[in-house]
Amino acid sequence: TLIRVVVAGAYGRMGREVLKTVWQAEDMVLVGAVDVRGEGQDVGPLWGAPEVGVTLQGELDKVLAETRPDVMVDFTTPDVVAENIKTALHHGVRPVVGTTGMSSRELEEIRALAGELKLGCVIAPNFAIGAVLMIRFAAEAARYLPHVEIIELHHDQKLDAPSGTAIKTAEVVAAARGDFRQGLPTEVEKIPGARGGSFDGGIRIHSVRLPGLVAHQEVIFGGLGQTLSIRHDSISRESFMPGVLLAIRRVMHLEGVVYGLENLLFE
Amino acid sequence: TLIRVVVAGAYGRMGREVLKTVWQAEDMVLVGAVDVRGEGQDVGPLWGAPEVGVTLQGELDKVLAETRPDVMVDFTTPDVVAENIKTALHHGVRPVVGTTGMSSRELEEIRALAGELKLGCVIAPNFAIGAVLMIRFAAEAARYLPHVEIIELHHDQKLDAPSGTAIKTAEVVAAARGDFRQGLPTEVEKIPGARGGSFDGGIRIHSVRLPGLVAHQEVIFGGLGQTLSIRHDSISRESFMPGVLLAIRRVMHLEGVVYGLENLLFE
Amino acid sequence: TLIRVVVAGAYGRMGREVLKTVWQAEDMVLVGAVDVRGEGQDVGPLWGAPEVGVTLQGELDKVLAETRPDVMVDFTTPDVVAENIKTALHHGVRPVVGTTGMSSRELEEIRALAGELKLGCVIAPNFAIGAVLMIRFAAEAARYLPHVEIIELHHDQKLDAPSGTAIKTAEVVAAARGDFRQGLPTEVEKIPGARGGSFDGGIRIHSVRLPGLVAHQEVIFGGLGQTLSIRHDSISRESFMPGVLLAIRRVMHLEGVVYGLENLLFE
Amino acid sequence: TLIRVVVAGAYGRMGREVLKTVWQAEDMVLVGAVDVRGEGQDVGPLWGAPEVGVTLQGELDKVLAETRPDVMVDFTTPDVVAENIKTALHHGVRPVVGTTGMSSRELEEIRALAGELKLGCVIAPNFAIGAVLMIRFAAEAARYLPHVEIIELHHDQKLDAPSGTAIKTAEVVAAARGDFRQGLPTEVEKIPGARGGSFDGGIRIHSVRLPGLVAHQEVIFGGLGQTLSIRHDSISRESFMPGVLLAIRRVMHLEGVVYGLENLLFE
């Protein structure tokens, strides 16, 4: 039987990508789309397709009651996401959530509610399977090849450096290799900053910003006579869709909250 | 207490590298070196050092009896390796073996003997930790990103293609992803061979041969909007030494044979 | 003064990109858009913008007469492009043409006409500046590092291999290095095709096809103890726009036909 | 006829590499070897070969008088190199010099002397053809794709950052692109140094230091929808030999001093 899916935040850029992806998945059926924008429009044109017979509606509660879905995918905003999740759970609908910014208190309430109702719920700040694998492999490699540097490369409109993914990677690497410390104290920078940003234990992070790049990261491990490099290149929002599909399929068999795609991949 | 090590096949190129590595390891002491070549020479000059007081000797049995080592590292030849291992085990010495080419019957006898004597023994066709990690990560990634191609790059004196490591990688990837099949049947090669060699399930392997290269491999996984690449670059025999050191340390706490460095890394 | 531009083939995917690019260029003004599709529509929405006051029209001749542009950019189809170019030249308008597929006879007629009228005309099969630079550098490098292999990587919907750019690169490399021949005659393929497709003089071309890739190529030169790699990554049609802008600006100062962007870059 | 070559500084690491290279070159003959170290030894064993009948001698003047070479290759030290060059020129011998550290006054004297004697002389701080090509291509690319960042990667025993080659590259790029300025003023570093060292016009240089690396550099150019990368990987002193051979062959046809390998490659 097909998995019935409602998308919340359907009008946004991620929402449209999810609509299209669910529509094309052979084991799913798109039964509803919720957004405060575009009410009454057919959703097909949102991803460049003809009309598909599903229209945008404003009230999540009403859509869930009428369409009785199995899963709600939420890519909305920090101010409404927690409420959306609770609404879904009360309807017996399993949430798959990519919206970030929930408070730890909200997260605790959701954990309690999902556990009590014995319903699955997946919340993930990053649905790109490739990025999650990269971080996972980096943690494993660091146990055997503890010397590591990180190069992340993004389009030149990204203003902050380093990227969140680079910092997350450095955190798991630092944890995996314990109190290892790399780099010689006698190193000299002839141009300040040449050696990059220094994270715990001397892990260096280098941030490149150029037009023509999208979102890329390379983690390089060095050992005697060899290097091991793990690189993720993401070129579009599509890169999150395999992770979303995986979560929709897996949430059907879960009880309670799973936080982080990595905990679905490597349980 | 220090681990006492004898090196068999000490005069060869890998043997010299092991001599140097054991000599420099703070938790080990080099107590003997065996080879039919160079008998009577001090081993220091073999790795460009001054004399170190250990001389090459021709008879393994005699050296083991006199020096009573904990571990024998063997980088000899297929015709003598099995006998060397049995000799070591009978002396209560744990073998760490990089020599390839043993028959499965010889391997069975050694498994039985090591088990009976409750002595550790590590046999590994590839001691490069980076390569072992690459293959391991490739197998994990293939479960989630099943589209994969392999590019291996070696110096232009390597006559066979693809490399053993590339084939091994393709084997573990094919096993991990099951009966997945990649590639469109309507593909057309305008120049025969452009799409590389085809392994099970359509995994393509590309072999580059150029001067200036040593031994490199990249495994590229493709998914919606993203790629994940795992690359190993090896530039010298030194790249095997961390794996040898790890095996020497771990074999002290093993009982029976462990085959393949991966089974030491991810037990 | 601003360069007045008309776009022919404006409704197509490349045409829309050119409309947007010309619209945003500070030294240009978009004065007309021609296509048999979408007649009467404002062009703004074609690239996701609000209306801009330029509407699609069906007849090139009429648009050129009314708008009196300096330059016509043509991304139409092989069956109409030659006629379009002649029409433009007769109106005193300089053509910048990305449409491929003209016959050599058509090209000769256009060369003659542009020369006679003393009008510039740029025709280029590839407007991606990065790709043109890559090919140019490959030709130069091959004179000093003649051992070379080419790896091209494209999305898995591309059915032919190798790519046109890879073949073009191999051609210029082969020409630059003369009768050099690489590769050992004793090489053995354990899997047929592993060593790639063989071009003149033993240049090997390897074609990778994976989802998540767009259009990429790496040219690797090997010499004693070193390699030199030149890589171009293209992720969108936008990559052609800097070349189109350059051609629009330069065509104003030309007389006669320049064929190939490389002849604008390195005259 | 063969080119007769003497090597000065023959006992050093670069000198030995040159001895071996000249010995193997089919169009050259090694006629003498000069060094204050190892006097009287046959030079063959210096590169792991049997004796070749050429012995190390201490006095350059005497060796030049006796062997009457065409070319002297000098990899000595800053304190003797200028004197060696003058001695060679007075013997009618053309110098090919890789030793760095000459004063500009010494260089002027040598220019004058070589010009007067109508003898060729090549002096080059970097004989790696691949590196010279990389820098040359970077300068050309910067004219069309002015956004650029440099990543250089070296073994972790290199204490200074960035490398001389990276700084040289940034200099030629900055010169080629004029007063272009890249980078947004609103960029924020969450970890200081993450964006690398800043060179003229906002060119960022990132220095990676890891075991297992040797000497590598990548120059990345970004434009709309594309990147162009030029990378040089050097793994041994051998990488300088093709440049040395080229200089020996070319110096025979020169008059006066050519400074920098690039001026031999692209005259």
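Each chain gets a letter, A, B, C and D, in the order it is written, and its residues are counted from 1.
The criterion applied here is as follows: a residue touches a chain if its C-beta (ideal position, glycine included) is under 8 Å from a C-beta of that chain, and two chains touch if they have at least 3 such contacts.
Bear in mind that the values here come from a model prediction, so they are computed numbers and not experimental data.
The rotation relating chain A to chain B, fitted on Cα atoms, amounts to 180°, rounded to the nearest 5. Look at the CA centroids: the one farthest from the centroid of chain D belongs to A. Of the two chain pairs examined here, B-D and B-C, the one linked by more C-beta pairs in contact is B-C. Two copies of one chain, chain A and chain D, form a contact in which over half of the residue numbers belong to both partners. Centres computed as Cα averages put chain B at a distance of 37 Å from chain D. Distance between chain B and chain C, defined via averaged C-alpha coordinates, is recorded as 48 Å.
Shown for chain D are the residues in touch with two or more other chains, namely 212, 221, 223-227, 233, 235, 239.
Taken as a graph of touching chains, this assembly is complete, with every chain in contact with every other. Looking at the complex, you find that chain A touches chain B at residues 128-131, 133-134, 136-137, 140-141, 144-145, 221, 223-242, 246, 265-266.
On the side of chain C, the complex with chain A involves touching residues 212, 214, 233, 235, 239.
Listed in rising order, the residues of chain C touching chain B in the complex are 147-149, 151, 153, 156-157, 159-162, 167, 182-184, 186-199, 204-213, 220-227.
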